[in-house]
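Here's the structure, in structure tokens; my notes come after.
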Amino acid sequence: MKSIVKVFAGALLASTVMTGASLAQTKEVQMLHWWTSGGEAAALNVLKQDLAKEGYGWKDVPVAGGGGDAAMTALKAMVAAGNYPTASQMLGYTVLDYAEAGVMGDLTETAKKEGWDKVVPAPLQKFSVYKGKWVAAPVNVHSVNWLWINKAVMDKIGGTEPKTFDDFVALLDKAKKAGVIPLALGGQSWQEATMFDSIVLSTGGADFYKKAFNDLDEASLKSDTMKKAFDNLGKLKAYVDPNYSGRDWNLATAMVIKGDALVQVMGDWAKGEFVAAKKAPGTDFLCYRFPGTDGTVIYNSDMFGMFNVPADRRAAQAALATATLSKSFQSAFNVVKGSVPARTDVPDTAFDACGKKGIADLKSASEKNTLFGSLAQGYGAPPAVANAYKDVVTKFVHDQIKTSDEAVKQLVKAIADAK
Amino acid sequence: MSTASSSAEGRSTLDRVVIYGLLGLFAAFYLIPLFVMLVTSFKPMDEIQSGNMLALPRDPTIEPWMKAWGEACVGLTCAGIKGYFWNSTKMVVPAVAISTVLGALNGYVLTKWRFRGHKVVFGLMLFACFIPFQAVLLPMATILGSLGRFGNDLQDLIGTSLGFGNPTVNLVIVHVVYGLGFTTLFFRNYYEAFPTELVKAAQVDGASFFQIFWRIMLPNSAPIFVVTVIYQFTNIWNDFLFASAYAGSGDVMPMTVALNNVVNTSTGVVEYNVNMAAAIIAALPTLFVYVVAGRYFVRGLMAGAVKG
Amino acid sequence: MTITTLPDRVAAQAGATRPVSLRERLQDLLPKIVLAPSFVAVIVFVYGFILWTVYLSFTNSKTFPNYNLTGTRAYERLWGWTFESDPPSSWYTSITNLGTFGVLYIGLCMALGLLLAILLDQKIRGEGILRPIYLYPMALSFIVTGVAWKWFLDPGLGLEKTLHAWGWESFHFDWIKNKDRVIYTVVIAGVWQASGFVMAMFLAGLRGIDSEIMKAAQIDGATTVQLYRRIVIPMLRPIFLSAFIVLAHMAIKSYDLVVALTSGGPGGSAWLPSNFMYEYTFKRNEMAVGSASAVIMLMTISAIIVPYLYSELREKGR
Amino acid sequence: MAFLEIAGLKKRFGNVEILKGIDITLDKGGFLVLVGPSGCGKSTLLNTIAGLETITSGEIRVEGTPINGLHPSKRDIAMVFQSYALYPNMTVAQNIGFALEMRGVAKADRDKAIADVAKTLQISHLLDRKPSQLSGGQRQRVAMGRALVRNPRIFLFDEPLSNLDAKLRVDMRTEIKRLHQTTGATIVYVTHDQIEAMTLATKIAVLKDGELQQVGTPAEIYNRPANLFVADFMGNPAMNLMEASVVSEGGRTLLSLTRSGDNDIRLPVPASASSQGLDGRKVILGIRPEAITDRDGADRNASAVEVVESLVEVVEPAGSDTFVVTHIAGKEVTARMRADADVKAGSRLPFAFNLDKAVLFDPGTGRRI
């Protein structure tokens, strides 16, 4: 008996000692995120240091895996337990879901003071503002419709920037003839769907994309244009290597970096990989908009959702929000991450050529109202719909759905089902 | 102890060759992943990218091990995974101890102090082993949250929360609750075959309920203790789902979550050698337990755990 | 006969009149008091949560639990998906995969476990080294071994590439990339992980068989094969049952295996019901559907386990 | 007032009544043997005395104080189990001393008590061993030592000899008898072996199906069995039980036994039964094999010896005696002859029936008349 008692006593003792730390909670931010790789961690460290200058500590809650899946599960558990973190990395509709559940905080005061309404593009505000209240601080804007090309390979096969989808196919053919893998693709549903976002935009144009993938208009979804988009996806599939299935996206990027493959269709986070591999745009790699999508930006954005924490923790939260949207952090972070700042007034001096183009594109798209949420990335529609969409795309890519007719039928059904 | 091997002398060498051949072949099959992990962990990155994954390192280095141990980034803290042993240990040890002792007590009651309905109670506890953990994640979080608030009230009231709401304590609670089914099963099956006359004799000798448990049952339960402790230890040590959901923050994060954060990064060059080294380091305690206690494990299974 | 029965009631009262101290009464209740916390914990944290899940499956809960009952839509959707085989719905894939996976995983684990146990039981020199080799996979989480397996099975990195490098150019093994075969790679990794444990169970069973029975059978002229087939294996029946239960529960709970090894497989073709449930509950924010699938999983488990429990407890209990 | 009194004891498991109202008393220093076929409830009865099983109704008193409801440890009893129930994790000394330790006896006193008991039982050299290192007989001694060291008011033995081989069993039986005689302990002893019961007991209680069949001294049980069950169960070879009808012939009441292919036998009514009201009834004649002898072997002091000639079917020489089997009233009847009796199977032989030792039973109720 004695030793059982000891174990219990030990556990109790240990726990009482540990809870002493909770007093410090008011002077720290608790931050849930899945940015655990070296580069990301370095970028976040900038924020941590900024906060430290203000006298706030940083309680790190990193949960990596599955592009945030594990972190979102942890977040759900934390919210269910009533232990809200100060902030959490979140995407698109998830912010709105949590806001609707009434667990998000209110940053409006800070936002007014700092004039966020004017500098954050309106489409982003759709996700960071809920019923007139700022609930999240956007960290960056990623854009999805990019081509990432190995310049050495491009030179070797004598290719030029493809302006249309057909150009693109011709370029891929050239690569194929030259014996390199034309298209580096990771055969996971989100990567395939991310590429398909661009294909749909390229095939149907800006309005079509918005109608189909943001408004979920049924007529557009079952239109011939959508069918053509699937046909185009089918065409591209012919240019991937046989081992693409299940490959992680950064491995596909590595194929382009090493020159094993010519091009990858991927969001601008791929640039972070090039940067990390000490490659420079223009000399080592090229960034083009996906053919036929210039002037339009399909975006997604990492946001720090701010939770409804007790009053004594709000000062720290406000400090975090301010630091997140500060120009210096926006610049420093996005240079590393490959994305562009979430506010349009950040000077682009620190950015490379691709970054500069991204910033300019975002600005013009924002002005021309051609800035659209990516369906694959959870900015086009709620997760149920987005995932139903990914299901159909990936089944098409992996031949479980055999024709584009069937694909369109399945897409309409799946989206209707999930709505 | 048993088997046809008493005639082994009479058997031809060919038989022995076949037997050893098969055993060796299977041993190779079982060892492949470990082998891959080991050789990879000693290779520099360029060798991994260019070379053959089954080849021995041409240019062995312990750099990845050093990095995994002391430098790899787990979130914003880049101090390797060494610090997380203690987080896991202080959660695993009480969870294993409590669930094992409770399982032993339950098994003892369910076999030696039977009451009307004991079978139903046991059946209900056993079926509990089968609940998918994903299904209990959220309701459990809600309950842990209430415990946490209770802990805060206690903190205000008497100056200590008694551990309620502490993430490590929460994990201990969760693992004890969901380990009970198996520990009870193990001990019940073992005690089922334990001579009841010993308990009666002890009663006549004047031993109380707990004295009998402590002086008679426990000293004779070593085999099943080994099985239960190994089983619980590996399961709890390896748990990721509960650990990531209830104890994700850096200061209490168990080893699996830390390892996951090292291994499962989605950007940047994946340092396979570091990942593999980290994975092996993280698995050392469980590997150690299996290798050292493997013999007792089979013995313990023999002693009753498999009978039911 | 000499039996004179005292009036029962009087006798009983005579016994009861002696004051029973509180201490003694506590002593009598002690076993139940000791069992109670565990029992209550299981009732609340398992059966309470099952009820909660059942309840949610009849709501339209999305991201968060919603307690307004709205009917059986979640079940209707699952039911509809059950028969969608071309193109396969995720649910259809999950349940057919569970069938394939369950049968192969349990079957192969038992076959391999039994074979290894029998081989190891032949007075093998070096058993002390071999046993932990077979057992160690059980000690590792799939976060650890998933990557290694993924590599090994990847045609561009692992076995296929290695054999090509060694000169066997025609060798082809790309199951992990093949939507129809990927589930078999999950089986391979699963069997690798659990068969050692089954081996230990069988080994324990073999060691527990009375050696006199073996001697008797040998004197009766049974060959080694006959000995095992006719005497030993039938005597291991209870172990087959235990192993079945252990494996069945692992098969049904298998989740990280699929994620770590295949990230769901090409087109989601490696999903198992637990992946489906997790996806819908946590990723797709369709908690009602996720809960309904959990309920169906639990019902499947009950259909297997409850009859087993019933017969076991009925037979054995005194 | 008797030392141990069991009054109206009933025990029920669910709907099954295991003990159906037992009344037994035992004086201080007595040796009560509970005997009966397996499943008769004798072990349950012992366990209720020990307090290991609860009772449904009734009372158990020791020296006038009820003890039912008391925890086993409070009853001041010691028990020796069939399997000995030695604690495998403890040495012999620890096993013997455990009960004392539980009662808080100081270590020095404990050690002395252990040494004394070990000496009595001649197991001093085994004190440091574990039970697994002992032979069956040694374990038996340790189990007894564990009981003796307590010096309790009552010793309970639950088939303590059944796990020993035949020779050892006889030795230990003698040992137990000696222990009883030297210590004057009060003992309740369960066995299914009626020879053990006869040799050890000062009082035997025969049970069947949870009902007490007869309580009495060994001689009473043997010579005056209360019913057919006791008659059949006690004694080896078993008592011969023959159907007979009571007839009046020439003013005498006689028993008539039929034989197939032979003339009926007429025997006088045994003195143990009053012949009143028997006339014309069917009865069962019970007579032990040793009361059927050859003519020379018949008891000279017996008042009623009848000689009947019958066909010998089987002859079983047993060394000290020869058992002869014949057929009377449709039953095999065993007679016990001198060892050197010259008997051949198939021959006709005069059998001497000593009716002083015979008893009559009512075939309807099974009770002795």
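The chains carry the letters A, B, C and D, assigned in the order they are written, with residues numbered from 1 in each.
The working rule: contacts are C-beta pairs under 8 Å (C-beta built on N, C-alpha and C of every residue); 3 or more make two chains touch, one makes a residue touch a chain.
What you see is a predicted model, and the numbers here were worked out from it, not measured in a lab.
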Chain separated most widely from chain A, comparing mean CA positions: D
Contact-richer chain pair (by C-beta pairs counted) among B-C and B-D: B-C
Distance from chain C to chain B - Cα centre to Cα centre, in angstrom: 16
Whole-Å gap separating chain C and chain D, where each centre is the average of the chain's CA atoms: 54
Chain centre separation in whole Å, for chain D relative to chain A (CA means): 90
Residues of chain D engaged with two or more neighbouring chains: 71
In chain C, residues with contacts to at least two other chains: 27, 282
Touching two or more other chains - residues of chain B: 138-139, 208, 210, 260, 263-264
List of chain A residues in touch with chain C within their complex: 66, 69, 72-73, 76, 79-80, 94, 97-98, 100-101, 187-189, 241-246, 382-384, 387-388, 391, 394-395, 397-402, 406, 410, 417-418
Interfacial residue positions of chain C with respect to chain B in the complex: 27, 30-32, 34-35, 37-39, 41-50, 52-53, 65, 112, 115-116, 119-124, 128, 130-141, 143-145, 147-149, 151-152, 157-158, 161-162, 165, 192, 196, 200-201, 203-211, 214-215, 218, 224, 227-228, 232, 238-239, 242-243, 249, 252-253, 255-256, 274, 277-278, 281-282, 291, 294, 297-298, 301-302, 305-306, 309-310, 312-313, 316-318
Interface residues, chain A side, partner chain B - complex: 1, 4, 7-8, 10-12, 14-16, 18-19, 21-22, 30, 32-41, 44-45, 48, 58-67, 70-71, 73-74, 76-78, 80-83, 248-251, 254, 269, 272-273, 276-277
Complex contact set, residues of chain B against chain C: 1-8, 19-20, 22-23, 26-27, 29-34, 36-37, 40, 52-54, 102, 105-106, 109-110, 113-115, 118-119, 121-136, 138-140, 143, 176-178, 180-181, 184, 192, 208-210, 234, 237-240, 256, 259-260, 263-264, 272, 275-276, 279-280, 282-283, 286-287, 289-291, 294-295, 297-299, 301-302, 305-308
Residue ranges of chain B in contact with chain D within the complex: 195, 197-198, 200-208, 211, 215-216, 219-220
